[in-house]
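For reference, the structure is listed below as structure tokens.
The first chain written gets the first letter, and so on, giving A, B, C and D; residue counts start at 1 in each chain.
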Amino acid sequence: MTTIKDSVHDHIEVQGVAAALLDTPPVQRLRHVSQLGTVTLVYPSANHTRFEHSLGVYHLADRALSHLGIEGQQAERVRAAALLHDVGHSPYSHNVEEVVYRRTGKYHDDVEGLLGEGPVARVLSEHGLNPDRVAGLVAGEGELGQLVSGELDVDRMDYLVRDAHHTGVPYGTIDHERLIRELSFVDGELVLDEGNVQTAESLLLARALMNPTVYQHHVARIAKSMLRRGTERLLATTDATAEELRRWDDSDLLVALRRCEETSGYARRLTQRDLYKRAVWAERRAVPDDLLEADRETIGGLERDIAGAANVDGDAVVLDVPDEPSMTESSSRVLVNGEVRRLGEQSTLVNAIRAAQRDQWRLGVYAPADESERVGEAAIRELGLDLDGARVRDVRPGIHATLDEFN
Amino acid sequence: MTTIKDSVHDHIEVQGVAAALLDTPPVQRLRHVSQLGTVTLVYPSANHTRFEHSLGVYHLADRALSHLGIEGQQAERVRAAALLHDVGHSPYSHNVEEVVYRRTGKYHDDVEGLLGEGPVARVLSEHGLNPDRVAGLVAGEGELGQLVSGELDVDRMDYLVRDAHHTGVPYGTIDHERLIRELSFVDGELVLDEGNVQTAESLLLARALMNPTVYQHHVARIAKSMLRRGTERLLATTDATAEELRRWDDSDLLVALRRCEETSGYARRLTQRDLYKRAVWAERRAVPDDLLEADRETIGGLERDIAGAANVDGDAVVLDVPDEPSMTESSSRVLVNGEVRRLGEQSTLVNAIRAAQRDQWRLGVYAPADESERVGEAAIRELGLDLDGARVRDVRPGIHATLDEFN
Amino acid sequence: MTTIKDSVHDHIEVQGVAAALLDTPPVQRLRHVSQLGTVTLVYPSANHTRFEHSLGVYHLADRALSHLGIEGQQAERVRAAALLHDVGHSPYSHNVEEVVYRRTGKYHDDVEGLLGEGPVARVLSEHGLNPDRVAGLVAGEGELGQLVSGELDVDRMDYLVRDAHHTGVPYGTIDHERLIRELSFVDGELVLDEGNVQTAESLLLARALMNPTVYQHHVARIAKSMLRRGTERLLATTDATAEELRRWDDSDLLVALRRCEETSGYARRLTQRDLYKRAVWAERRAVPDDLLEADRETIGGLERDIAGAANVDGDAVVLDVPDEPSMTESSSRVLVNGEVRRLGEQSTLVNAIRAAQRDQWRLGVYAPADESERVGEAAIRELGLDLDGARVRDVRPGIHATLDEFN
Amino acid sequence: MTTIKDSVHDHIEVQGVAAALLDTPPVQRLRHVSQLGTVTLVYPSANHTRFEHSLGVYHLADRALSHLGIEGQQAERVRAAALLHDVGHSPYSHNVEEVVYRRTGKYHDDVEGLLGEGPVARVLSEHGLNPDRVAGLVAGEGELGQLVSGELDVDRMDYLVRDAHHTGVPYGTIDHERLIRELSFVDGELVLDEGNVQTAESLLLARALMNPTVYQHHVARIAKSMLRRGTERLLATTDATAEELRRWDDSDLLVALRRCEETSGYARRLTQRDLYKRAVWAERRAVPDDLLEADRETIGGLERDIAGAANVDGDAVVLDVPDEPSMTESSSRVLVNGEVRRLGEQSTLVNAIRAAQRDQWRLGVYAPADESERVGEAAIRELGLDLDGARVRDVRPGIHATLDEFN
């Protein structure tokens, strides 16, 4: 047994298959993949990694299994999945996930290939575990998969608390001990026991508050869009493949961007925090519906059109159209008077938060500071944005420039 | 200048009028008045006092004043009011406030009399401050009164964080530093600066989550109702007056209850945590409207009626009809696109939380464990409760008995 | 099983005999006995109680037992002892322990009588446990008694961390998880495993730093001496016995002091923090050897002599002669190269800390502020203090008056 | 003014010259230089950077200046120096500092060149500050230089608390607020005010406990020695110069080590935490005196000799001879009875800790796990180690293999 000191959960005991997996290269690689990517450009203390998060998820999974009375190989499989659940992450985690997905068809939780080969596969089979079944748990399949990836999974519990600890933003500080103690299985579904509607709500609220303050902070979004754009150029220009890039770590990608002439400008700006500014920041109702459905090629074409119309270099326009907000927590299950209910049916807060998240949605167009006004005007025309209302004026170029970019 | 170490705000510097007020008996008395009263019977670490809270409120007021650029006598007056804002609390704070109010017409923030006499008045006048104007600030009067008692007051900021620290329930952990940094005055109104709708929401959510988990936890409510009932008996039986009782501390009241024969039973039960149980726990829709308006005499009559019908001792029935939930935070003000808006107009969350709070409202009837079933049946009849729906059955005697009473 | 939320250890699970003991009056009484007594007059947030500490000690004992693989009745006995280890405390804990001891011959850990009677005895025997054997563990007897009361006991681990949490003084923040994980039994002795000399030192250092800053802070010592003196007067004046007083809680004692005419002055001063000042503060070498050995009667006589010589009221002089510092931690045991060694043999720090503690020892004479100079002069003469050296002048009346009394 | 959220000090306000310096490339580069280098291989949460530490040091300097009443250009110069004090660090901070020093003659605090050029020089001169004088402060010159680099500097205060926060090891949690509040200048020397001998001791003890547990943990030392050796090979093999390398960040160095054939083995081992083991771990008295004085060339020769004698590859032997422990804190100054004293004269602890640190000193020889026994035998012969005593046997190959390598 190995005991590891963690700044969030204090001592974490690692044993069995998890202890053996810890020393495999795919798990050790997570030491060099940051948890929050460009968020550190807003919250400078947020330099924690997928490695410590994976340890935390393993730890909470272990506690949940012990609380639920699940033992033996079944439990070992979940512990392995918990520790391995993030080995599929590209460098900078979610920041370049889309880029990789478009070329490989794989999101970060699609790890069948990664677990079925090399030292991980060897360790799993030495412990009598089938790599495909572990990969299934990572993808949230089956009853126990809900613990690893689902509405009430331990992944979410760890990252909320850990991100709060490292950013200094207290909103994510949920009562994870209580959440784990109240879990049980009813008819194959993971539910929170009687009396925990509010416990479920607290999880939802934590993410609802962390989202705009941390995960979707506009400066992090700008940097992430620049990183994504740089990475696409890198794949287009060099002979690195998306499948290879997926196994790089943050250092590999950063140095590759620096060394490639076409991307060194983005690399310099990201390294020195000399970021683009918001040329447009438009709320949902100002945006034509079809723009929301646009694929990467269309977006690329629009960026070129805007650049042309604004008479700036093609690299100087980044268009950022986020997905519409989802809210998995709304379908988390709670026992109410002995019946399993979805939180969304039970809680008056769920719809309110859903509405709030739609309100917070913004389309962004980013450009170098001295070109952002020009690019903004061009973007409004080219994208057909309808920016008459008060909020829209608010987010036109120049207005937000006086706000504190750090917070 | 005196520096005091606080477990929440670390070092607190006290100077000027506040340093002089610190040593007056009414302020020192707060060392013996617990902040959360019977909540410690649910959360055993919650033994913090009104004294440390008052220091915390003074500290946050001082920081807010410095951030707002308010100086001189004006600022001294606010600092004095912040330190003194709770000297009007009865023993066990809010727990017996109603009892005192019915007899004196004074809530805890009605401190004109207390500040206009004795050493406090002396200190205030030595520092050139008018006691009545300080009392006005405590009551939330005037522009600066909003800082001491209002939707965005520093009282709330301190107690949420402090109660979270001492109960161990993380929900109250707001970002008080940020709240204070974002305050400003616009046309005489205290508002949060541009970009802080969510900061305001976080304050609202913190209280919305702390309320049922901590402040309105049913065990705390049961104990509080028993304490209130005991105190009423004490005032009816002995020659202690409500005006005197208001100046006692927790020890005085507890020992008085122990020594008075009529109340020693309540005192023993409270001391030994041998509390009544819920005989009825009824949601809003099960309760006849006129019961919500009932005054203390009517309640007393109903308690006697129920006891009679159940054939138990009069002391064995406690009826607890809470006020309908208020939500002052909904009228806190935020700058949005340069205009002052009430949070309630701006945030989709406000109405949802208001609805949630109504949902959480419960009427309680409490009785000794072995009589609670009988008392429950009688109470349903006598009060005309309509308990057919699922939730109502849920809270009938015996059902909740298996739930963990501590959490 | 009951789960209790604690501000230090988060969730504490209580089951078996401990859950049954929790509801007994002697354990519930600890809710009203403060952990640090008069220390709250220095650190206002330090209002935690023996009850929450007892829960913490139970929790750490439970973890240690599980780590050591001890189960069954043996373990239940230790858990009972951990929860009960402080039921023998008088009100204000150590503050009046001496007063009670002189009259009853019992220190707080002498609990055989208390456990052998009433509901505690009943619960213990219902769970098949012998009260005397549990009392033996509380007194540190036998192999497992070392866990409850010894150099490496869980009592110390809890109070250091808890007192740090509540005072805000970080020095007590030891790594209690690590300490517990490294415990084992070697030849019937509780030792720290190989590689933990420094872990043992950290425990020693934590107490060495907490001692003068918190536990022996001069303001706490003054208040404690006044409380002790008041309690002696109370026992001499009223018909309360020491055996009764031992079972009071803080409120009982405080109100008794207030109501007794002879002691109401002390009660007022303690309540309003209107404390005596140091008339003399003398280091070890200035004090005649025989004064260190003086019993209570001699001390009382000297107080009267000083009062006479200074021409002040007898109540106005309090003489405080602390015991010479002990350092149990120096005999804690650590495995070094496979051999059990006492920390004192192994660590170069032990002697240094012992010397530092001797250096910090001070005899105090306290008196009302306006009489302290006169009393100081008289005390130097009457006690035969030799106050020529620099440190001695340093602590004569008036010199320390400019220092911050709070910290 | 910019406000930055920090996980240790909460909100940090940056203004004046510091706000302008924040955006310069040499300061932003610190985002990619880890604070503790290879310590993260022992404590996985310790991924904090020199950037956040520099902000923390700036923040504490600002508070100290305000406490000391120092304003104007003098204060701006100190604030600039505080923010810039680490720009001279090589990648992985202290880990490769020696390598750079041997080739450039510059330690990390020799920043005259770095400040006198480019955007930093420009910002400083725009704010009327002389880069050489700022560099002087970084090097600890002059009265105010003591605040930036000295026995009581704010650098130490920040790193102890920050390293404790991120490793999870509580020993570094000093009371930095108190330290800063007690600083003053007496005759041009920075001292702690009267009554703070123990405050000074707490700083010393914190470092004394963090040293072996964190900074000098044997796994961190092994990894650091491997990194150092790899970096030397890199400089010897490629055309990168030490002056260039000094300006790289962690990613640059890590990727350079990976891409260079001669060093890719070390890079792989460091990335995958497949580290060498201790072949020898010898205490001070077992080591011939002249070995302590050996320069890098001699060490290199000895490594080759041992490799030859053990018949292993030259890369497979790493000899690690640490400097003898220093203890700057022993000369920190405290006011005692109105006189300035060095802590070493005043505190009985200083010599004890000095002795403890000598006791903890170890010479290490590291080698791949399967060759470590052979290398150990050879090293003992070649280095003339005298390993008869108990401690020495203790640390011979195989013995420590059963200890937990993480803690």
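We adopt the following convention: contacts are C-beta pairs under 8 Å (C-beta built on N, C-alpha and C of every residue); 3 or more make two chains touch, one makes a residue touch a chain.
Nothing here was measured: the structure is a model prediction, and the numbers come from that model.
The chains touching chain B as well as chain C are A, D.
With A-D and B-D as the two chain pairs, more C-beta contacts join A-D.
Work out the mean CA point of chain C and of chain D, and you get 40 Å between them. Averaged C-alpha coordinates put the centre of chain A at 34 Å from the centre of chain D.
Per-chain Cα centroids separate chain B from chain D by 51 Å. Residue numbers of chain C whose C-beta contacts span two or more other chains: 3, 10, 169, 178, 407.
In the complex of the two chains, the chain A residues touching chain D come out as 2-8, 10, 23, 25, 28-29, 31-32, 40, 43-49, 51-52, 55, 165-169, 249-252, 254-255, 258, 271-274, 404-407.
Interface residues of chain D, counted against chain B in their complex, comprise 3, 10-11, 177-178, 181. Across the complex, chain A meets chain B through its residues 169-171, 173-175, 178, 194-195, 198, 201-202, 205, 209, 212-213, 337, 347-349, 351-353, 355-356, 359, 390-391, 393-394, 403, 407.
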